[in-house]
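Presented sequentially are two complexes of chain A, the first with chain B as partner and the second with chain C.
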Partner chain A sequence: MNALILSAIWGVVMMFSGIFTKSGAAIRGIAITGLALLLVVNVLDFQGTALVDINTRGMLVYNTFSYMFLNIVFGATLLYFFLSGSDMERVGLHLAEYFALIFFILAGISIVASFQTLLMLFLGIEIISIPLYILTGSDKRNLKSNEAALKYFLMGSFSTGLMLMGIALIYGSKGSFSLETIGAGTGVITPLLGGGMLLLLASMSFKVSAAPFHFWTPDVYDGAPTVFTSFMATIVKVAGFFAFIRLFETSFGSVQAQWQLFAAIITAATLLIGNITAVFQQSVKRMLAYSSIAQAGFMMFALVSLNGKGSEGLIYYAAAYSLATIGVFAVLIKLNDYTFEGFNGLGKSHPLLAATVTICLLSLAGIPATAGFMAKFYMLSAAVENGKVIWLVILGVLCAAISVYYYFRVIQAIYFKDGEPQVAEVSTTFKVVMVLIAVLVVYFGIFPQRLTDFLYMVY
Partner chain B sequence: MIPVLLIVIPLLSGLLGFFMKQEKLAKGWSLLSSLITMAVAISAYFTKDVTLLRSTHEWIPLMGSNFSVSVVDGMGRMLAILTGISFPLIFLATYNTNYTNGNRFHALMLLSQAGLMGVFVATDAMLFYFFWELALIPTYFLCSIWGGEKRIAVTFKFFIYTFIGSLLMLVGIIYLYYLTPDHSFALQAFYDLKLNNDQQGWLFWLFFIAFAIKMPIFPFHTWQPDAYEQAPTATTMVLSGIMVKMGVFAMLRWLIPIFPAAFWSWGDFISFLGMFGIVYASLLAMQQDDLKKLVAYSSIAHIGLMVLALVSTTDSGIQGVMIQMFNHGINIIGMWVVVALTERQFGTRKISELGGIAQKAPALTILLVVIAFANIGLPLTNAFIGEFLMFTGVFTSNVSQFNYIYTAVAGLGIILAAVYTLNMIQKVFFGNTNSITANGVDISFTEKLALSVLVIIILVVGVHPQPILDLTNDTTLSILNKMITKHP
Partner chain C sequence: MSATQILFWFLSALAIVSALSVVISKNPVYSVLSLIITFFAVSGHYILLNAQFIGIVNLIVYAGAIMVLFLFVIMLMNLNQDNEPQKNKWLKMAGVVSGGCLMLVFVAAFKTSEVNGKIAQTIDGNIGLTETLGKALFNEYVVPFEISSILFLSAMVGAVVIGKKGD
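Right, the complex of A and B next:
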């Protein structure tokens, strides 16, 4: 709760900081301080020491999963600021505003991590989406960026419309926005409720770019300035998933048997389309866009199986996927050439960057001893525990094998091919944070317990 | 304690190796580290105290997975010893080969050793899977960076192949995990499972494909000849000498005892694959002009015989496979050493371009001939013991009505092995020298040392195989027990 308030306030602070200083370093400093505060406040909140206590009348309910998820989100964003904060200056003149928008997105994420009514879900999703439309179009002189923003905005508004329609239908059938009330006594699905549920399924699938609602993703991720793609493809996406699972677990968990097949088909389509299309990409940025769809397919496993392992797995996936993808994007931003050839010879010219980005890629491919493996492992075991979707598990591992192809193409370029990569100046902080990310990826891969233990901690 | 050391020593020394900039230092360091590992592995043979031979630590309690390793089991201990002996020999034999960024090469070699050791000592499925993959990653980099011309594509094919197999196995492991009553990854918990025929039927394939790709069994072998040819020779030795044993070992530990009924009912099919592999690989080996490919195909043929013996479900058959795992590791490393020395000196591996090396390098030739005889399985060499036992096993097996056919084809395989091996020796080492081989010199001291050790092992095991047979006897009996009692 405190994190929500602080992030909203800090967003405003960031907006006004642009008036008082034009120095990029100062603005970055304020943003990083704010984020560190957010993290501290959230950890304190987690341990039961709330700074302010507001009665939300049951509309926002934080549990250990919400806190843990927010910790991961704030932690990952902090690393992201350290790595890519300076690259935001290259996008345009309004550095303070970019940070302000990101803080507003974080406020939205705090809401979707804890919503208990459909109303709050809608607010949270919109608070996340609107700043994203702006960030996508922030490279004003670039036609692709403008196109992406418009496309994202039109498609996003459409899906929001679907969501509202779904909420209205559900309200009509149940007479309440509260997830608990909707969930209670939902033994049989009436046409009204079922219609609403399917509309919600579609609109949430759009937000997390699950097939067949994924068509906006490659264009938007490709068109948006790369620094913001990094944020959108990681933190925002996992937040969408968190909301997705929370919504369906509480409201429609009891009728899972009736929609599981829909979810499973969406998952299978997402896995196939994401992985197979990623194979044919020539640009690493676009490959990462499709890879984010492919990884979304794995996160969908949590929805299909809807059990404890799945929820744990989602938390774990959020950390593993965000860390690794932020790392890869951070290095990509430093390169001049976004094609695979742009990475040629990086192993020779920048051994440290090469090693850390390789660890991130191995994690994305799901190689053991990296966090990415444990994340996939959690998802697969959640689906196996569910027991009804073994075919999906087999499809999942085959797709994981396909994903090795495009992730390893980057590794091949880095180490096995010769070239003179054009890399922008890299600061010491950048190197330190990259090493930190690599260490975290390996550490969580070997000791997954260190992350999931918090979920069952009682203060 | 001992199994932990077997993993930790190569792992840590490998990681340290990355920071050693001088190649000389890195070479000495990795040789020293591998010698220490070898000493520890051999000490396991003489240790009677069981508590020293195993170790269990809590790892991921939420999922019921422990870091539990053990070399109490004779088969695991034998393969740990094989791994321990092989690496110093490999380092010694390739001591005079120089690599760009040699420190990284040696560091990765040590990391792959750590992974291999882990596979052989792990008694927890999750841990086993970890090491199974981790042994592969350093190998991938070794082959792709220091390999031949087509290295990137070939190694990638190898990687994808094995990765698909292991992912399928992962699904199987997770499924079994949920079937165990207290949700555990322990090997013993998997053994205690009572699987019905339907479950065995499909789970069996998830594991079988993973192991068949690694061994490799026909038709999953297509990655192998290319990968062996393109990999740097030191890595080829690891791949064929030890990594192939991972597949055979995993069948004996993780497949047959858990799915005995499925293994039984698919026995003839698997035997057929093995039999086909023998004939097919032997015929191809005869056609090869490249020394590396010849040895690669001969390896597939040898594995085929092991497959036949695995299915035989007889004491001598399984014992034969056990000892042959050790022998094949030693022999094929010897073959690769000879190939590597020939190639380094004359710059070619083409059989047609070589000839008359015996006149120039008598020591090399003498050592080679012993190793080649072992490759054929002549008496007095170690392979004779293994092949004899396996033949007996296949011949006396009563699980299949085709056992006479299997024995006949396996016998044909031996004859063909003699044909291609002796033909190769005759063309490459005897006859007249030509312009390429005219200026040959004999091998250096370290190379003689490495080859002599291999030859001594070949002869000693050939004359006195009892220690190894005693070592694996318990494992064989317990596997047979599970195969027979669990059979419906």
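Right, the complex of A and C next:
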């Protein structure tokens, strides 16, 4: 709750900082301070020292998973600010407002990490979505950015409409918004409840870009300014998954047998479409958009299996995937040419950047000794533990193999092709943070329990 | 058939017909006008359900303010049939088929729904009065009520970012 309040307040602080200073470095400094405070407050809250204690009447309930997830989100955003904060200045004139919108999104994420009623779910999802529409269209002179924003806005509003319809149907059948009331006594699915659940499944799949609701993803991720794509594809996406799984675990967990096949088919389609289409992309930015769909397929395993290992795996996956993707995007932003050829010869001209980005790509591909491998391992073993979807596990392994192809195409361009990559000036901070990300990726890959142990720590 | 029931069927038919004409009519101004009729019909439903406050707010805010704004924008943009882009025939067909499937499933499902035959409290009860609503909003639902201010604030910031001149 404290993180929610502070992030909303800091959004307002960022708005006012735009009046008093025009210096990009100062605004960035305020944003980074705010985020560091947010992280501290959340950790304190985790340990039981809340700054303000508000009775939410059971509408927001934080458990260790929520706190851990929020810690990962804030940590990843902090790294993202350090890496790409300076590139936001190139998008447009409203740097302070961009940061304000990102803080509002973080407030929305704090809601979806802890909602206990459908009302809060709706509010949280909307608080995440509306600033994102704006950030997508923030490059106003670029027609592609405008198109992406409009497309995202129209489709996003439509899926929100579906979600509201679903919430209304569920309310009609159960007479309550509370997830626990909905979950209690849901032994059989009645028509109203089933209809509502189906609509919620569709709209949440849209928000996390799972196939067949993924059509907006490549266009929006490609059209949006790359700095914001990086944020959208990582932190916002994992927040969507967290909400998705929290919703279905609490309210429809008891009837899982009836919708598991649906979820499994969505997962299979997401894996296949994401991976196979990514193979044919010419632009690395678009490839990363499809790769984010493919990775969403793996995160869907937590929904299909719906057990402790799956939730644990989702937390771990959130960290592994966000870190690696933020790293790759940060380097991509510095390049002039977003095609695979743009990476040619990076290994010779910028050995440090090349090495760190390679580690991130290896992690995304799921090579052992990186966090990505352990993340995929968690997800697949959750599905094996569930036992009913072994065919999906086999498909997952095959798709992971396909994904190696397109990630290694970038690595091949970096090290085995000659060229003169045009790279913008990179600061020392950038290099330090890139090294930090690479180290974290390898560290969590070798000692995965260092992250998941926090979930079972009792203060 | 009581007067309430007659009103209910009349408003329902009006809402469905005008909602369809929003989608079907070629002229955007007709679409907007039909949408206003839809809002009126829905407001009538609210009032039938004893939700007077929401019914009136729906009229004032949506049918009144927003739709008038809408109408102005459409008239200023001078849209007409000639420059409406031709949509793909197959795409239209696919839309009709998938939308129809959803409707079929829902109609089939809700025919046997658990609340079927239960009629909402239409005659007595003061659940929709401003006083009751205000009490619920500031007691039970005060947290979502306050949090929605973040949503509106972010929308306002967004409008400024998109609308401001200079870049």
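Here is the rule we use: the second predicted complex is superposed on the first by the 459 of 459 C-alpha atoms of A that agree within 3 Å, B and C clash if a C-alpha of one lies under 4 Å from a C-alpha of the other, contacts with A are read in each partner's own complex, and residues count from 1 in each chain.
What we mean here is this: a contact is a pair of C-beta atoms (placed from the backbone, for glycine too) under 8 Å apart; a residue touches a chain by one contact, two chains touch by 3 or more.
Keep in mind it's a predicted model, so treat the numbers as computed, not measured.
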item: Partner chain(s) touched by A:107 [first = chain B, second = chain C, both, neither]; value: second
item: Partner chain(s) touched by A:93 [first = chain B, second = chain C, both, neither]; value: second
item: Which of chain B and chain C A:59 touches, first, second, both or neither; value: second
item: Chain C versus chain B, contacts on chain A by residue; value: C
item: Contacts of A:297 with chain B and chain C, given as first, second, both or neither; value: neither
item: Touching partner for A:449 - first (chain B), second (chain C), both, neither; value: first
item: Contacts of A:372 with chain B and chain C, given as first, second, both or neither; value: neither
item: Chain B versus chain C as contact partner of A:380, first or second or both or neither; value: first
item: Partner chain(s) touched by A:85 [first = chain B, second = chain C, both, neither]; value: neither
item: Contacting residues of chain C [partner chain A, same complex]; value: 105-106, 109-110, 112-115, 140-141, 143-144, 147-148, 150-151, 153-155, 157-158, 160-162, 164, 166-167
item: Chain C partner contacts - residues on chain A that touch it in the complex; value: 4, 8, 11-12, 15, 54, 56-57, 59-60, 92-94, 97-98, 100-101, 104, 107-108, 111, 117, 119-120, 123, 126-127, 130-131, 133-134, 137-138, 140-141, 172-173, 190-192, 194-195
item: Touching residues (chain side chain B, partner chain A) in the complex; value: 60-63, 129-130, 133-134, 137, 141, 144-145, 151-152, 156, 159-160, 163-164, 167-168, 170-171, 174-175, 177-178
item: Residues on chain A engaged by chain B in the complex (per definition of touch); value: 362, 367-369, 373, 377, 380-381, 384-385, 387, 390, 393-394, 397-398, 400-401, 404-405, 408, 412, 415-417, 447-449, 452-453
